[in-house]
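First chain written, first letter: the chains are A, B, C, D, E and F, and each begins at residue 1.
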């Protein structure tokens, strides 16, 4: 069976209090997992793509959990079980809805990803390779793995998708810019928030950011603006799209939902307008549900989403 | 002790996840029960009426639960313990607050209700008989039971109240219209949503719907418009009433609360304006509490409701 | 990829209170799923077999849940999504540990299994076909499906395994005996409790039951005795084995664990003594964990089980 | 409708941590209610008696809760809603299963019970009046209420049942003996633990205690010995009965279950041996379930209890 | 170590349902504690003051809990362990967010506070003494304790802070006015809601209230207006401040947060504008978190509060 | 205020599922903390000693939690807030009660403990210094910190107490023996399990182990045997003591409870027999409560423990 989309990166255990407030208050915690790339793989799978994730987890129970859930979601996996432990993150919600994610990922299994883990055949036969700006921040080996994967993709005319995903806990803006700049040039599709875009280019408005980024290489650039929607440049044309009005339950995962929506439409051959609509609605849907990926929609759910607020019986 | 209001219909076990999201995520579930007619009976009892419910439940633990709770709420009961199992329903909340109710009620105890279950003396001595459009949809026997009950009421000048309660899972609009039309003609009091009204009559605005429905027989017709309030025709006069402004926690049960409020005032001899006020506030109160009937107010609670948002100590 | 073991039967949603006591007390319920054949398929998969389950579930959220979990457990599936709803069962624990399972499975999707659902190629290439005495009790179509599957297996020298699994809620002993007798004759491997054995043969002690059952056809007969262990006849030889001493947390699933242990060893070519040891330890392990199949062990867990009671750090 | 058994006393809100350990650890608490006399009334109702409780609760939510649950259990009620608050108790489980009950009942509504609350007609027409040694300890008014009730009963040949129920938190042994001595003389049926019996009489063995107590007046004296069963003297004859073997989940309520079992058989005309059997099994059943009264059995449950440990399906 | 702020008053156990709705529905309850003065002491400690609380709790588990938590929060304590039980309160949330606090505090340990409990040295060396209008309402002894403390403070030029905190459950407006009037005159800093201010002075607008109150003695008067912010008179100058816009999770504790914010700035030597800003943001922060004092902010949290709504990672 | 006992070592966040089973099943987790030395410090504080803990935690929420709880327990603290994160451990319960503790402590704050953290004055003025065999396993710096602390203690005639606490996840037996041997020689009081004792000395029975260990230096050697009690050599005399009979809820923490019991009696001047009795009962008490240190008893609880199984009211 061929694969539509391949991605690689780190997945970690995710601990989330069952109620808002600091860990100090000793809340009950839910155990799940997350990671930008596995979120994306799950999201794209739910929207109909055959997806494959490459990564490393520890030979421990959290690693078992991650692999079991990916199997459940129908995401194919190439995964080394490392002797290092699977990383962990805590997601807490503070006063007035401030979400804080903290990591125990130094020396984790996932950060040992290396070029040798990258399966050339797999990428060569895929339609899209998706990478994020998190992986290069994890160390020299993971950065090299991303570079290797992108080179394979470009050599085989596989679409390269990049989500900048800047993480201030992992590196500073300057180091990030130096590492992400070359990747942007090799990308066909680029996702960025306004802040992330401004990290890389000297431009002010979202539209300007999108145009400048597109001039660097990617033919499709999406600048995400949260509640203000998005501004995109696709094949030189500018698209503005408002966000959907929803009550935010959990903002984490919105960007992965957006990218999953756009890329699944891309693979299915939809045009930019349709792709941006799917991306926007997927992002809106995702934030109304708790969990980093649990709220990613299926096609059927996106469809039913139009009738939100109703009682169906 | 005489009874103020008699109603008949199906009550079922009700499974509700403790948090939003699909059953797929394996949430914890609360076990309760529901049913439009038992909801109404509880609501009217809390507002001061002596109410009586006629129905069937299985000889099982869910049946025990239903009877125990009705006893706790002070609703008198005529109930056959059937060999068929008590029906079940799931109430889930999807992305962005979409509520979905699904049923396991085919061949249930409640759907075996039949004319023989209808206690003539009971109805004859009551002030109001309340029926809903759900029961005729459950089968020929339940439909015959409703017809029998309505005939007894009419023969004895007992007020007949009908809530259309169209359920798309049970029948299609055409069949429903054929069955509900004759009932509407025999009703004195009629409750309908705008959609339900338009199922039966060829009219556009809520006011037109109410007028046309009233012309078919019922002297009191309430067309409910959710957040837009209600439009009613009582004794030929038109009443418009805005809804109360509240944050909706659980929309299910609002209609039953509305009917309970109106009918309890009717029995107590209040005029249309007062009845519609009670109905409106009861509906608003109900949706701020989770549960199909748990949020139905007492008179004291309706009164305290005016001070909502305060801290009382 | 070839399959080691194929099984077919009904899987249902499973509702289990989070604490002992009747449903009347309105406990929180956990939602899971169960079914003798899916339990067996999961158990055998955990012990290293490639397993495949054939069945029907409704096109509803409970059906989604079942398919997601089987995917997570690595069980391959041939499953019709039926218009009938997925069946449900409640498992409650009464005073002093009495477990009661009640069903809402009449007219369920799973009971619509029919010969057309049976994939001949799949069975022909498997090493073992496993069926239970539950499926024939569900109706004429499911019974015919079992018969068809067994005939395919026998025609292709695939080992036929049968677990009697008598369910008093589904049929009476006489009807069961008439239906199960012919199946026993076609089985190579037979699992039965002492009570189930006596349902079929006129014998007293477990050893006599095993011998008489074996004389009817199956070369391998296991009579399970709960806390008293088991008595088996394999290739004419009698084996007695004590149970492991454990504290029972949830007795349901012990028999499926036992069969999974025995069959996985059978496929792996182990001898009877080893197979019975694995079966016994798997059964013991399973009852120390809540859930019908959640407590089924992997090989590694069976191994660690020897050190039970220890603190490992 | 005539009443079989009338009882009077204090019912209080009951707060129980959901897990063992001191309140200091800030556990979640379940809210229920309890009281020896309401426990007894519920237990006897479940075993088939028409029971009636006389008492006082506050005009508050705990009072509402108590009345709602009694209604649910089918216990008729004569209850003053007092301006004083409903009392409260905490039931915690310490290390190694030590249960501790602490009270906030001083100046509670329930302790304002007075002779004027005692409905003479009700008692006169009942078959049994049941009182406990707790009520006289609550103050002069409650003590007078008990005295008044007992006098009405004796004047009308209603059986007087007394459970000594000594509470060290309420009074000291000497005061208790002075108050309970006269009550014992007026009782027909007397329940006591060995410790309670020795509080009143100078005797050593349970049998001697029972004999001496019986010589003071009561023709039926049951001395309860926990895991060692009971020793009784009924109409001068000595009965010894072993306890049932069960795992204790919650020891509170065992005595009330025992009395409910005995008294319900008494009203139904069973002989002493049968009554003691019912009492013993009811007590055993009750301690296998958490809650002061929630585990009190129905006749059907007592019957099913014989098959404890089985899986029924 | 010197103390910055001394306060005295009653702390009680606090029972809060884990979900909205009346106690009648038998919710799970969280056990915590509260009390205006301990809330204030914790809030001020979190904002950097060394605080000390004087009071009485019972020699029971609730008393243990209160002392353990105050220790955890770094509040020093002078506490008599009384033979009377620690008081209790229930905080329930009704339909549409109405919060109701009910008390079981009559004859509680905390209400036995007396002048002998007041440690003169402690107050003499503090910078602020904070008292509330609750304590004088608890009885003659607590009222005398407050009077004694205020006199010590004034004699030693310690700033006297008073929060009117009128509780209708404890006394009527007239009695309250008579008792609180003299305290107001002795206060340097006064906190009041608009309603509380109007209880004491004959003025209409908040600004007029503040001015008149200030003319009675206190140089600093804060009139709190909930969502409408606050109006203050400090050293004769009028300050108006809007509230912060937040979603209210639990309104209880807002006033204590406000006072803690103001007083901590006062001790740190900040000017009125800064103090009112800290007070306002502390109050806003507190209501976004459940719990009477759990949501009181640290300086770091107040700072991070500016970025509310963001995801930090 | 002088300190009785000083200890140093690593404290970590502790995640414990709320129900048995692997993390794979995605249980809810409780968040707490643990560490042999903080457990000991809490246990000794509850038994009346003034205790002080030296260590490092991260500048994160888990670190906040640890410091807050130690404050709550009255343990004084010298703690560096490190830039490295606080370590974490998971404690899961497998089939049949097997407890497994896994760690995320590599590069943790706690493992950066170094000699500079050791406060000479503190140790010099204490009565006992307690160290464990875990700290030297965390790295060269922590090992040096232990050595430094022991040398200060010996130079000032402070009693040195050592609990071997071998952790197989941290080092192998040979390395451990090489590091722990010198520590044993410097210890006055030594705690070891039978396995740990045999790691260090070539002896067979517990008594022989105790004698040989004592000959190496420590005048007081306790060899703990779990359910088989303990064998000790104190001042050359052999003591055997049976364990208390209890149902084990959580075995973790038993050793720390034992040491806390022994050392608190030592400081209070009790003789060996009394100390071993306190140690044994404290260990038994601790395992009946969940949590690593939550179940450590106070003197009052140890006393009440004698009446275990009773209902007190």
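Keep this in mind: contacts are C-beta pairs under 8 Å (C-beta built on N, C-alpha and C of every residue); 3 or more make two chains touch, one makes a residue touch a chain.
Chain-to-protein mapping (UniProt): A, B, C, D, E, F = Sugar kinase.
From a predicted model like this one, the values you see are computed outputs, not experimental measurements.
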| item | value |
| --- | --- |
| Partner chains that chain C and chain F have in common | A, D |
| Chains touching both chain A and chain B | C, E |
| Same vs different contact residues, chain D with chain E, by half of numbers used | same |
| Chain pair, B-D or D-F, that carries the greater number of C-beta contacts | D-F |
| Centre-to-centre distance between chain E and chain C (centres being mean Cα positions), rounded to whole Å | 63 |
| For chain C paired with chain D, centre-to-centre distance based on mean C-alpha positions, whole Å | 46 |
| Computed distance of Cα centres, chain C from chain A, in Å | 41 |
| Multi-chain contact sites of chain D, meaning residues that touch two or more partners | 68, 102 |
| Chains grouped in pairs wherever the two touch, ordered by label | A-B, A-C, A-E, A-F, B-C, B-D, B-E, C-D, C-F, D-E, D-F, E-F |
| Residue numbers on chain A that touch chain C, as the complex places them | 68-69, 71-74 |
| Residues of chain E touching chain D in the complex | 15, 18, 22-24, 26-32, 60-62, 64-65, 68, 85, 88, 90, 92, 102, 104, 106-107 |
| Chain D - residues contacting chain C, complex | 246-247, 249, 284-285, 288-290, 294-295, 297, 301, 304-305, 307-313 |
| Chain F to chain C touching residues, read off their complex | 19-21, 25, 94-103, 167-169, 251-252 |
